[in-house]
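As structure tokens, here come the structures.
Consider the two complexes below, in which subunit A is the common component and subunit B and subunit C are the respective partners.
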Partner chain A sequence: MALSFLTLTRGRGRFDLADWLTWAYLVLALLLMFGPVLWVAMSSFKTEAALQEYPPTFLPLAPQTATVEGYDEPLQLFRVTAGEHEGKVLAQIRRVGLMSQMVDPADPSQKFQVNINDRVPEREFALATENYSVLFERFNFGLYFWNSVFITVVATIITVLFNSMAAFALSKYKFRGRTLVFVLIVATLMIPPTVNLVPIYLVVSQIGLVNSPWGVIWPAVATPTGVFLLRQYMLTIPDDLLDAARMDHASEWKVYWRIVLPLSAPALAVLVIFSVMWRWNEFLWPLIVLNRSEQFTLQLALNSFQGDLQTSWAPLLAMTVLTLLPITLVFAVLQKYITTGIAQSGVK
Partner chain B sequence: MLATVMTAPSWLVSAAFGLFERPMLALQKMTGAQRIAWVFLLPNLVIFSAFTFLPIALNGIYATTGSDRILLGERPFVGVENFASLLACDNYLQPNSCERDIFWRAVHNTGYFVVVQVGLMVLFSLLTALILNRNIPLRGFFRGVFFYPVLLSPVVVALIWKWILQRFGVLNAGLEGLGMPTVNWAHMGFYTLILLAGLQAIPADVYEAAEMDGASRWRVFSRITMPLLVPTMVVVVVLSLIRAVQAFDEIFVLTGGGPGSATLLLLQYIYETGFAFRPQLFGVAAAASMLMAAVLLVLTLIQLRAARSRAEG
Partner chain C sequence: MAIVELEKLVKDYGKVRAIHGVDLRIEDGEFCVFVGPSGCGKSTLLRMIAGLEEISGGELRIDGQRVNEQRASERGLAMVFQTYALYPHMTVRQNLAFGLENIKTPKDEIARRVAEAARMLQIEAYLDRRPKQLSGGQRQRVAIGRAVVREPRVFLFDEPLSNLDAELRVTMRGEIAGLHHRLGNTMIYVTHDQVEAMTMADKIVVLRDGRIEQVGSPLALYNEPRNSFVAGFIGSPRMNFLDAVVEAVNERSVVARDASGARFEASVDGAGLEEGAAVSVGVRPEHVTFGREGGKPGTVQTIEQLGGNSYLHCVAEDGALLAAHLPGQTAIRRGDAVNVVFRPDFTHLFRKSDGMAQKRLVVGEAV
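This part shows the complex of A and B:
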């Protein structure tokens, strides 16, 4: 039985054990896949003190305080859980050993002694937005964000332009060496950049691109995946269309960008999504090329902050949320295109 | 929807492409309408040559030369010394007996990581794909649920799990064990998607015929679903193998390779030997890269074969 529920491809009208197991799995998966991200998002709005609290809460809660007549500072509120004042909400004046001196905010004249084990802090929902503002004030977040956006946008534009030009040449012209060039490009899919780190670094450093965003952009733009994807798509565009345009004296460049590019929009969209994802998330190559913190991308900044023991979790979590936000938004809007695009091309 | 997003700043795009109109026309008059293809190929080929073809050729030169200089002219030829030092070992099962013990520790860790990680990955993504292939409502939504972490950056993924672990007070105890579940969590959706496409390619009439014959569910699964899914499974296994051999980002951010070198993987060894540590042993890093490339090449050739048999079958 354990495995047999997997074999069904269609439900049969009744809700049997197989369906129960399926839904249990899906609900568990929902919690496991979204839960951690959601919890980090919630935690990013907690104060540093609330982040240390045990057991952890899901919602960002902050201790509630009240201004009581006769006291300059706001006092923290507690709910008394045992003893003669059980059920009351009192404000704490000070703590003396195991006893807490408390006062009723409504009637400040009377003071009570309450055992600290007999009271729990009153908490309210409060967003510690300072975790986010501090990123801009102290952590240079704007700069890292800009570096990441610059690399992602520029690299994606160049990738789409260069790859589509190459794909156009490889799919719409007959010339000597065409097959050789295509095979050479596709063959490099077998040799990922990770095995050529040292010589790529030599080239980048010789052009003087170490510690420059262009040192991340240029090595990444001539993707074999993109050329392959676009070429396969452009092969399906009928040549008659191109010839008709040429009859009307359109230049080859015009044929490329007025006819072939617009007709390749679905494949271009897939490449745009891939490229944005690749460049925004890239880690190892920027880590090698960008050594000065003012050039860091968000990923590098996150990594260097988490390694720094001086950094507290509150701003780090806020930064994590801001880093995953753009990709999450893209995903929410384009989910269908992304999943079908990847399922069809088998790359990521 | 997507088309609107992409064509929204169309006047800008038109203006940008229009700029090239005249120079390209002039070029076309020089080359003729056929050889203009090379002009279209050129930008991509230049970048490709500089950052892919040339490095592939240079890697071997680095691997056979020594010293910590990056310029090739300043590097003395040392023959197979870099490879020899990496492979010098009394007993390959005991990294301590090797000249470059950290390299062998990394090889061991990577081997262990690859085997366990790929096993878990295939198991869970197969289970998930089978479940998503059932006739459930909201299938598209659930497919998205599993796929969402695939898009997140490895650094973010690592930080999310590091935070959860530290929050429940098991940071020091559990960090080493966390690497694999984290990688699985992040990438499972990708393989699920491929397997789901494979499952949906199985024609429905095969199932209908089995149902008419009164075949049990287990029999349908073992005699129809699995055999027809094998080519897709091979693709998934090899793809996840290729990725696992090059694993770096998540583990590096989570553990930094520690404690000690308990979670140090091959790519981190290459990164540290060639770039992070001084002196920068480019030759050793390149030699280690080439050993890794050899493994990847074999795996990719298997994948190509599998992909071909999938396309034919």
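This part shows the complex of A and C:
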């Protein structure tokens, strides 16, 4: 079924111009979107040396080595490209200036002198998994991961709870100034976040939340986008349902908890995805609030790999890949709600 | 079991008054129907009783106790909505149990009552389905079931049958009436359909523009409508009205003459009427007869032959439209000239000034 869908054409039975353009556009978009991600994933399996190589290779390749009789260390293999030994695969013993002393692995008694420009390293496909293991052994990845998960999960739960309660009141209760309150909430979207940075920091530091995950969580939980999204969706829930629940002895809290919240599931899913993405990818605010490395989130830890003098690219890339994974999973699970949720909360 | 009393009940929406001081007493176990054209305030009145609309003035008492300030959830009433308002994310069983769970009824008691209601309404087979998977009639039963399990003091129905097709409506009408006989609870039922009101009610309350026009049993309203509005609203097809002036008043009847010169005699009390007063002569289509003389001449415009009944629509020479309802089938044809005769005992007379009816001296079909 997927295949028959993919091979659908606008022209009857053959590709016409529209089909070519569509395919070209989609393939280009696919490359633009996934190319960098794939590049990062591939590079994360390269050794530090392979990363420095120019021109870069797409696949993670490592120099091939061979253990040769009479030498303690494994020797790197090269293919000779010119001169009298052209075509042979030899192991390098040592390099002296522009010449390299080499040995035939098959016959260790024979030694050769080869110009270093006349040989290329033999390489094989190899995953440098130590990039990943080093994260856990030396960089305390587990701690940063936990910090990020804690902030993301707790902030998302509180965001959904607070925003849905606000949306419930704004969509289902009639009170003086309801529209004004709603407009004020939405109007905060017009204030650039950078303007708020200093005042919020002052508040957070006065409360004593600097260097605490709560200093990241609390300022972020009230989102105008979430209130707007949920309110628009809740407007479509018939009032009769709420009245029926009231006739069924339900308290206002129960009406919210048992009727309105479950029925808003599609919109809640959208907000959950947004909130998880926002909190997981957030960088600037945690950078300001969290100064001690044991409180760092993954994004801050990634940043700390980048030193003034040198950057350890291999673990940085590995951590980037691990940072991408959870959000991809959340998105994959909830993505079917996004279109329905947005479509239903937008119009109507 | 409950007596519902409304005393000068008022509802204001901002500066607009929707309900103008309604007084009403609904007896214990009575089936009371609020009827009226759309926008007359009947649903608002019901929602005020339910507690879903705030009461702006007056007093609402259930069993003698003032409940104005009680929330809907505290009044112990149950309501069936026009849209059914079943919780779409719950199964039928959960829908029925929701209200009982909220008042912390023991689990086995909930199960017992749900099973009993499901059996009574024949919805046992769908208990584990979602409302979306049910037909209109099944949803209607579930909505009623949700009210029944609660064993409420008063049942409230807000146009529950208006979303059903004609055939199902007749069936459900019978079932609701049957439910009332079995349970014996006080029921308040809102409808704009006067047939539903006539067939089900012990007491009909006719409303117009937030005021009660008349309260009474179905036949009392049919036989002795208090004014021309009630007379026109109750009965189908609508009562025929002709403008006329009073010609003579005596002890047993009043004679009126319309602009075309046709004379009508009505067996009504002539009190307050003087010669020359403007009146409306009203006769129900089922009381119209055709005769040789003494009536209003006209032509038959359309005939609806239903087999058991025939409906004739005639145009008088002066343009007045008159409907007639004849039992059985008729030989009269379209275009035939007829002489429409109103019998005095079945003729109503309404004052033009305020629309009020003159008291009928001979009442009832039996005469």
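As a convention for this text, the second predicted complex is superposed on the first by the 284 of 348 C-alpha atoms of A that agree within 3 Å, B and C clash if a C-alpha of one lies under 4 Å from a C-alpha of the other, contacts with A are read in each partner's own complex, and residues count from 1 in each chain.
The definition used in the following text is that a residue touches a chain if its C-beta (ideal position, glycine included) is under 8 Å from a C-beta of that chain, and two chains touch if they have at least 3 such contacts.
Everything numeric here is computed off the predicted structure, so don't read it as measured data.
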item	value
Touching partner for A:277 - first (subunit B), second (subunit C), both, neither	first
First, second, both or neither for A:251, with subunit B first and subunit C second	both
Contacts of A:129 with subunit B and subunit C, given as first, second, both or neither	neither
Touching partner for A:331 - first (subunit B), second (subunit C), both, neither	first
First, second, both or neither for A:115, with subunit B first and subunit C second	neither
First, second, both or neither for A:32, with subunit B first and subunit C second	first
Dominant toucher of subunit A (residue count), subunit B or subunit C	B
First, second, both or neither for A:293, with subunit B first and subunit C second	neither
Residues of subunit A at both interfaces, subunit B in one complex, subunit C in the other	246, 251, 254
In the complex with subunit A, residue positions of subunit B that touch it	1-3, 6-7, 17, 20-21, 24-25, 28, 33-38, 40-41, 43-45, 47-48, 50-59, 61-62, 70-72, 127-128, 130-131, 133-136, 140, 142-156, 159-164, 166-169, 185, 190, 193-194, 196-197, 204, 207, 216-218, 220-221, 225, 235, 239, 242, 246, 248-249, 253, 256, 267, 270-271, 274-275, 282, 285-286, 289-290, 292-293, 296-297, 300-301, 307
Residue ranges of subunit C touching subunit A (in the complex, touch as defined)	47, 50-52, 71-74, 77-79, 81-83, 85-89, 98-99, 102-103, 146, 150
Of subunit A, residues touching subunit C in the complex	238, 240-241, 243-251, 254, 258-259, 262-263
Of subunit A, residues touching subunit B in the complex	3-11, 18, 22, 25-26, 29-30, 32-34, 36-37, 39-40, 43, 54, 56, 161-163, 165-166, 168-170, 172-175, 178, 181, 184-185, 188-205, 218-219, 221-222, 224, 227, 246, 251-254, 256-257, 265, 268-269, 272, 277, 280-281, 283-284, 287-288, 299, 302-303, 306-307, 313, 316-317, 320, 323-324, 327-328, 330-331, 333-339, 342-344, 346, 348
